[in-house]
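Have a look at these structures, which come just after this line.
First subunit A sits with subunit B, and in the next complex the same chain sits with subunit C.
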Partner chain A sequence: MKTIVNISISITLATILFSGCAPKGGAGMVGYDSNVKYGDAKAVETVTADFGSTDLQATAESLTQSLLESRYIAKAPQTPKVRLRSVNNLTYEHIDTKAITDKIRIKLLKSGQVRFLADTANLNQVQDERELTASATANKGNKAMADSDYIITGNVRSIKKANDDVKDVYYNVSLELVNPQSGEIVWADEKEIRKVTSKSSVGW
Partner chain B sequence: MKYFPLKVAFGITFFSSFFLHATVLTSDQLRSHLSINNFPTTLTTLSADKSDNNKFWYWLNLARLQQANGDFTTSIQSFEAAYAILDEYENRATISLRNVGAFIGSTLMSKGSESYYGKGYERTLMHTLNALNYMMLSDFEGAAVEMRRMEQRQEFWLKESEAKIKEASEEKEKARRQGNDTTGIPANYSLAAMLEDQDVRALTNNYQDPFSYALSSIIMDISDQGAASGNSGEISLKRALALNPDVSKAFASLPNSASIQNNKMNVTIIVLTGEAPALKIEKIRFPILHGAVYSSIDLPSYTSPSNDISNVTIQTDKLQLQPPRLLKADLMAYKTLKDELPGELAKSVVRATTKAIAAKQASDHFGNLGGLVASLLFDVGSSYVDSGFRNWEVMPNSGYISKFEAIKNSTVTVKLNNTKESFVLPSDKKGTIVLITYLTPDNIRIDHVTY
Partner chain C sequence: MLLTKNILMSLGISTLLLAFSSGCSSKNINIIGKNRVEITKNKGVKEGNFLKIMAELENNDNDETEGFVYQIEWYDKNGFIKDATPWKAITIHKNQKIQVIEMTNIPDIVDYKIIISVPNK
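So, the complex of A and B:
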């Protein structure tokens, strides 16, 4: 009996001892006992009413699909060259609109239906695009880089309303496909998002 | 023993306040240590002292000093921390236990037991000053977001003000039922005359300032968002002009001449000077029971603004300008106080009556000495709690804006009272924005950004 007890104590002590030395969570895992967990990147996020990851994904998905179905892209005789310009942030939040355009660019590129030209920062939309084309004619290589068939521009707007019980935020993300030579808007679409938060009646 | 619950409540408030209000820099220390030699230590001390990091005013003070030190990114972070505190307050439950507790505390014990969430002009200007941070980082879109937030924030202030007017009316009625008249301002209240000042009376309201709207119109113009945002720049300018017609003097152009047409640029100079009045609680003591005991009316009040100047002049080789003082933080503080004073007075009378009853009960049980001790305890206890009731003490008191055309590569001289500062404009830019921060006569900082 004494031997059994001794063996049991030895096993318990050894387990405690070795469990303190062994890496937790198995090989290749660091910080196993921290509070950090991986989540589903596509899961619906409703932490706050601010513009979030779900809105970004939904916007990119919806507008890209619509753009790819437009006849200027879907029925173009040659794969059009497109340049993504900035999307204006006209909301009450510091939204990184580059994240929206980056996501749209990736989706469009993956479709194989458009070709993208490198971004030209700090130029003023359509007028700048025309000037760029004109000034680049002397150099064939530059012209190829500058001469886009279409540019994509857009705006993110929001309207906020609140009363004592409810806060309502409406987002409108609009994109336009513009022919820089003619200035004609050949396609436009929007994604609307509404978020409502309610105040609790009684709370801390 | 009837007064026992009151004594317990007072004791809890008094002793807990010792732990809650342990601040390294007092209001006076903060405001009087901004000169060039003291400023680095003051900023370091304020940054390191996190004992008040749950207070709205702490982050505003820190954000302002960081901006005055050219730390625009950290200043944005501090402003965001202040917003988070205010957002939490604005989104509390309809019946918030904290709000109810603060209301009871401020009604029965002391004005200082309320948490300070800023007045309308402070909530407006925190966004305006943060917009300047974004401007100085060349993020004009971010600056435009702040100006839209500034307008949005005013909506909650209006609702809160309406609730305060209603509350004031109820408190006034309560005071009337107790036989107290709260219609007049106490004669020995230090700000009695100031509240009736012509300039204070002339302000349209207590939360909108022409400085913010003039700046907003400039930001919309520079950020190219004017058309996309429904001509919001023009709307802002109209609002600024409605608040102060002198706004028209903030803008100047060079005559159209072919010789300088391609050689001119836009220059925007923004000058922030001095420190706005600091909030304090003023006690007006009065004897009761033939002078054996006393009570006090405690009203919110303000110190004088400090380190401000009276005159800004801008000179180029083509123009001489005197930009108008568009931000008048002191007058906005007094206007807010004037608007809120009826309610504050009524609440103060209720508090004074409560304390007087408790002091009388102490006097009845323990004689005149007991009554006097009770009066002293109430006085010292509420004074201590009130010392933690602070506002945005280093908010600029004055703001000037001037947007004008100048010749590229020319020299611009800005005169701040008798101090002259000069700089040379760039030769290859469309425009420049210059931010001049005048904290004290010897602590002036000039930052600029081009576009």
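So, the complex of A and C:
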């Protein structure tokens, strides 16, 4: 009996001592017990039927794969120089189309199959930098910035229909690879997305 | 001796049954959640510098359309994960088969894993 009591006291003391030394949970975090949580950035999001992160990621993924398979990129004798032009948002909702093209550019640059020239939106900054370099080095022979092999343009469209029970949204994102010298469209592809919201049930 | 042999044989049979019933026997496939979708084929081929994979998915159910999400993880020659696709939603109608084709945009990918997550009903 005495032995059992001694063991119990020892265990209790050990627990108190060791728990005192153990670091408290939540180290390296601020507000770890709040309602804010980090989620999987690549998870499928179906909060509303509007164009969302899942659509952006799926569009960029699909169109990049298609572009990398096109013979003008895959079988080009030299790594082609490409410039992104604007993708027109022809839908009735706000869609940041630059987010789509930026994502495609990142993926294409990682592939090593394409070189990108600065966007037209950033050309002023690039021009300033060139002028600064040219004046500092007296090098007037800078290569023209307009010598892209291809430009990428495109459109985002949507068709929406709804009745009392169902809301259907169809998105179509199309991109083109254009040779600016000849005006020839050498590649085009599209990503279609359909999202259906049912008022009677929750789910896919 | 006979008892040990019987135990070993039972263990072996159980392991085999478990492997078949889970449907996750391939090293390239990982199914999370209910196993209501079957991957009947999967293979990877090099297309230029890039690994391209094809998987054939089948919904054997006569009654229900299956909605689930999938993701592909891309691995380099050292077995390190280099990239992953976003999770993509897909629907297979009852008794239908579909092909999923994905290609990485990173040149030094040599292996892949298909992860399928099937929600509870």
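In the analysis below, the second predicted complex is superposed on the first by the 152 of 204 C-alpha atoms of A that agree within 3 Å, B and C clash if a C-alpha of one lies under 4 Å from a C-alpha of the other, contacts with A are read in each partner's own complex, and residues count from 1 in each chain.
Keep in mind that, in the parts below, contacts are C-beta pairs under 8 Å (C-beta built on N, C-alpha and C of every residue); 3 or more make two chains touch, one makes a residue touch a chain.
Everything numeric here is computed off the predicted structure, so don't read it as measured data.
Legend: residue contacts after superposition of the two complexes on their common chain; A:93 is shown touching subunit B, with no touch to subunit C. Once the two complexes are overlaid on the shared chain, A:43 sits against subunit C while remaining clear of subunit B. Of the two partner chains placed around the shared chain by superposition, subunit C is the only one that A:54 touches, whereas subunit B remains out of contact. When both complexes are overlaid on chain A, the residue A:108 reaches subunit C alone and has no touch with subunit B. By the touch criterion defined above, A:160 reaches subunit B but does not reach subunit C.
Residues 203-204 of subunit A lie at the contact with subunit B in one complex and at the contact with subunit C in the other.
Every residue of subunit A that touches subunit B in the complex is listed here, in rising order: 88-94, 124, 155, 160, 162, 164-165, 167, 199-204. Residues 91-98, 141-142, 144-145, 148-149, 152, 155-156, 159, 224-225, 228-229 of subunit B touch subunit A in their complex. Listed in rising order, the residues of subunit A touching subunit C in the complex are 40, 42-44, 46, 54, 57-58, 61, 64-65, 68-69, 74, 107-108, 110-113, 203-204. Residues of subunit C touching subunit A in their complex: 47-50, 67, 69, 71, 84-89, 91, 102-103, 105-107.
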